[in-house]
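Each of the two complexes below includes chain A, the first together with chain B, the second together with chain C.
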Partner chain A sequence: MGAEVGAEVLTPAFFGAWIEEAARSVRAERDELTRLDAAIGDADHGTNLDRGFTEAVRALGERCPATPGAVLVLVGSTLIRKVGGASGPLYGTAFREAGKALGDAPAVSAADLAAALTAGVAGVRRLGSAAEGDKTMVDALAPAAGALAEAVREGRGLDDALGAASAAAAAGAAATIPMPARKGRASYLGPRSVGHQDPGATSAALILRALHTVAARW
Partner chain B sequence: MVGIVLISHSGPLAAETAALAAGVCGVEVVLEAAGGTEDGGLGTSPDLVAAAVERADRGDGVLLIPDLGGAALTARLFEGPGVVVADVPFVEGAISAAVTASAGGSLEAVLAAAEEARHFRKL
Partner chain C sequence: MKKLINGADAVVTDALRGLAAAHPGLRVDAGNRIVVRAGGPRPGKVGLVSGGGSGHEPLHAGFVGYGMLDAACPGEIFTSPVPDQVVEASTAVHGGAGVLHVVKNYTGDVLNFRMAAELCAEEGVEVASVLVDDDVAVRDSLYTAGRRGTGATVFVEKIAGALAEAGAPLAEVARVAREVNDRSRSFGVALSACTTPAAGKPTFELSEAEVELGIGIHGEPGRTRDTMRDARELTGVAIDAIHEDMPLSGDVLVMVNGMGGTPLIELYVAYAEVAGHLADRGARAARSLVGNYVTSLDMQGFSVTVCRLTDELTRLWDAPVETPALRWGR
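== the complex of A and B ==
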């Protein structure tokens, strides 16, 4: 099952469904995200993201834009204004850059989505000056973007390709456990941040899992 | 005159740092504070920063000085022509930038002055 990677089947409704599913996942995992953040941060990641995604769903419900690119830009702008902390600007930039990469097309393909995810990750790297291995959301996002791009090159279907991206993000988040943090609030802890999974990488993996969940039934 | 926006996680910290820098300058200087969240809590509000940047913009550029973390990332969202972010100590950078701005320095000069604050010794 699943659409071909070049087929332009991903409509604004698909992206809206993704954000709704992401909001549900974040709500369900809110306390776990906050628990992870309490260990090495300031214990607000779950609450902040829940508030932001709830507002993003509300914004799309009020006026769902006509293109996938505009949907993601609206989501990004809402997250910047409503999430706060560092993750608001970071996730907001990821969605806005991904949206801009999609341009004005009324529907996009998995290949377009791969390029957009890559653009979103580049925006996060630029804003946060973070690289893989710094124990941040980049450790989940970068492998996911790489896996999606590879799956698209191999001509795999949408469901399969986003399954690979989601699995890569989850593995990337788990791989942050032994890392000492080099960016963000956790970096003040230095070696004491070792042994804790990064909350930002964890939420990034959740959001990409939501993307796969929606793609699997699309 | 170059405008300066102080962006802190704390509203009172941003406001008092602005008052301190203005007081040390002793002459007119464009200093705007954007601290805390809209409901007065700890955090950074992009909307408050946007409003402060607008107030501080007198046509000669705006220097943003964030305290740390999310404030720095929020500040970077506003980077563009005539708006630059200084990666400098909050209090010392604010005072150094304000003194140079009040003397009529360019945006480049005000940024350079703020960056010099990194090497100030107190003792």
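== the complex of A and C ==
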């Protein structure tokens, strides 16, 4: 808590703890994610993500890489290999691109993390051809990346900055409720997708909340 | 909701074990979830690989065999397979003439098959892909993920499979596969929702007086909810939607497909009406298929798929096929 944004205090163990916390959150919210997906999709988002994060935690347990970048790349590859559906490649790409942006440093700063999150979101946008307002995970991820970058520019501490990112993601997920979906399976419903919170944006907010939870005790 | 299963997590693996036990002509890897024709890759023959979420049986694994698919990659229920499965299946059936991926147009399927195709290229396997998007209930626009791939998948796999069996090169097999998709349209109607084993309850609720029009195959609701009507009117809605998008005339191949929970006798009731509706519009049902081919677990309902035939497509449709779910002429 209170670490300088430029201080390189975020180690592979921090990122491992994040993924464990994310796996716990996804497990706890699994049925709620599936319920949201049943309304406008195909009722499997919770079970798929639960399977993927469980496998990611297992992969890190078998061989935790030596750099934060390699941790995120391994998490991303595992999600691509184990989740399936659209969320596997999309989350997998987000983590892989974020990991690649962190390079080979043995520990990274909040500023580095902000740049990595921005790179991850760019990867998702590219692969899914989704923009903000399409009612997808981008609606939670993009504001979170923006909020984290701004907090870093303002020189706020790690806990504070990731708190802002988590809050922006939650607000972004809630903002998907009145949107008609333009991407993914929910788009088949057209106007009938209005009034439901997007499950992908919801899980993205959960994963970023887990990042803040871990940062708050780091 | 009662289900004839051992456990929700084991459904896909257990069903693949059953498929293996029932069909010795298939090589089933239940662990890695790949179903391949026995006998290994055929030198000089284009390999046909498809895959998608489970819950649509017999699609796709039931169409692996002579004259149709060389391999299928079943994902979790309603979830696309992962790239590793598709790469393994593609390399297993690669006989030196390349591999055609038949991909239904869903975001997940498209992304996972695209990643798999890139990995296949790195391993020296030439891959062409055909996207099936025949469902007229979805408007293809900037505001949707594009039309869904549904019933036409069976036509694409059968007809392209026949051409591949005859020794045609990859570009030709891909061309005919795209032609079948371009000439095919589908529309589906649900009388009840389906229940996934993991969720244990229906994905949406329909009263006795309601139907969902324009449904997909994943238990997602359709475009509109409407009042329940008789088979003549419901099939008329489907044929009208298809005819509006692709004017029907001449000889057509038509499938009346059950969604999994509708008895065959009702599908024949529907087929009688469909044949009549087609005749009223100046088209002739020259070839037909009635049964459960692209299902949505236990959903009650049906879909109609129509393909405007050419002499070449008719000949390839009639060619021998021997798979668990389709077999004739051999």
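In this section, the second predicted complex is superposed on the first by the 217 of 218 C-alpha atoms of A that agree within 3 Å, B and C clash if a C-alpha of one lies under 4 Å from a C-alpha of the other, contacts with A are read in each partner's own complex, and residues count from 1 in each chain.
The working rule: a residue touches a chain if its C-beta (ideal position, glycine included) is under 8 Å from a C-beta of that chain, and two chains touch if they have at least 3 such contacts.
None of the values given here were measured: they were computed from a predicted structure.
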item: Room on chain A for both chain B and chain C (clash or fit); value: clash
item: First (chain B), second (chain C), both or neither touched by A:89; value: both
item: Which of chain B and chain C A:167 touches, first, second, both or neither; value: neither
item: First (chain B), second (chain C), both or neither touched by A:184; value: both
item: Partner chain in contact with A:9 - chain B first, chain C second, else both or neither; value: neither
item: Superposition-derived comparison: chain B or chain C, residues of chain A touched; value: C
item: Chain A residues contacted in one complex by chain B, in the other by chain C; value: 80-81, 84-90, 127-128, 184-185
item: Interfacial residue positions of chain A with respect to chain C in the complex; value: 34, 38, 40-44, 47-48, 51, 80-90, 127-128, 180, 182-185, 187-190, 192
item: Chain B residues touching chain A - in the complex, by the definition given at the top; value: 37, 43-47, 69-70, 73-74, 76-77
item: Residue ranges of chain C touching chain A (in the complex, touch as defined); value: 53, 75-84, 106-108, 111-112, 115, 137-139, 142-145, 148, 196, 198-199, 203-204, 216, 218-221, 223
item: Partner chain B, residues of chain A touching it in the complex; value: 80-81, 84-90, 92-93, 127-128, 184-185
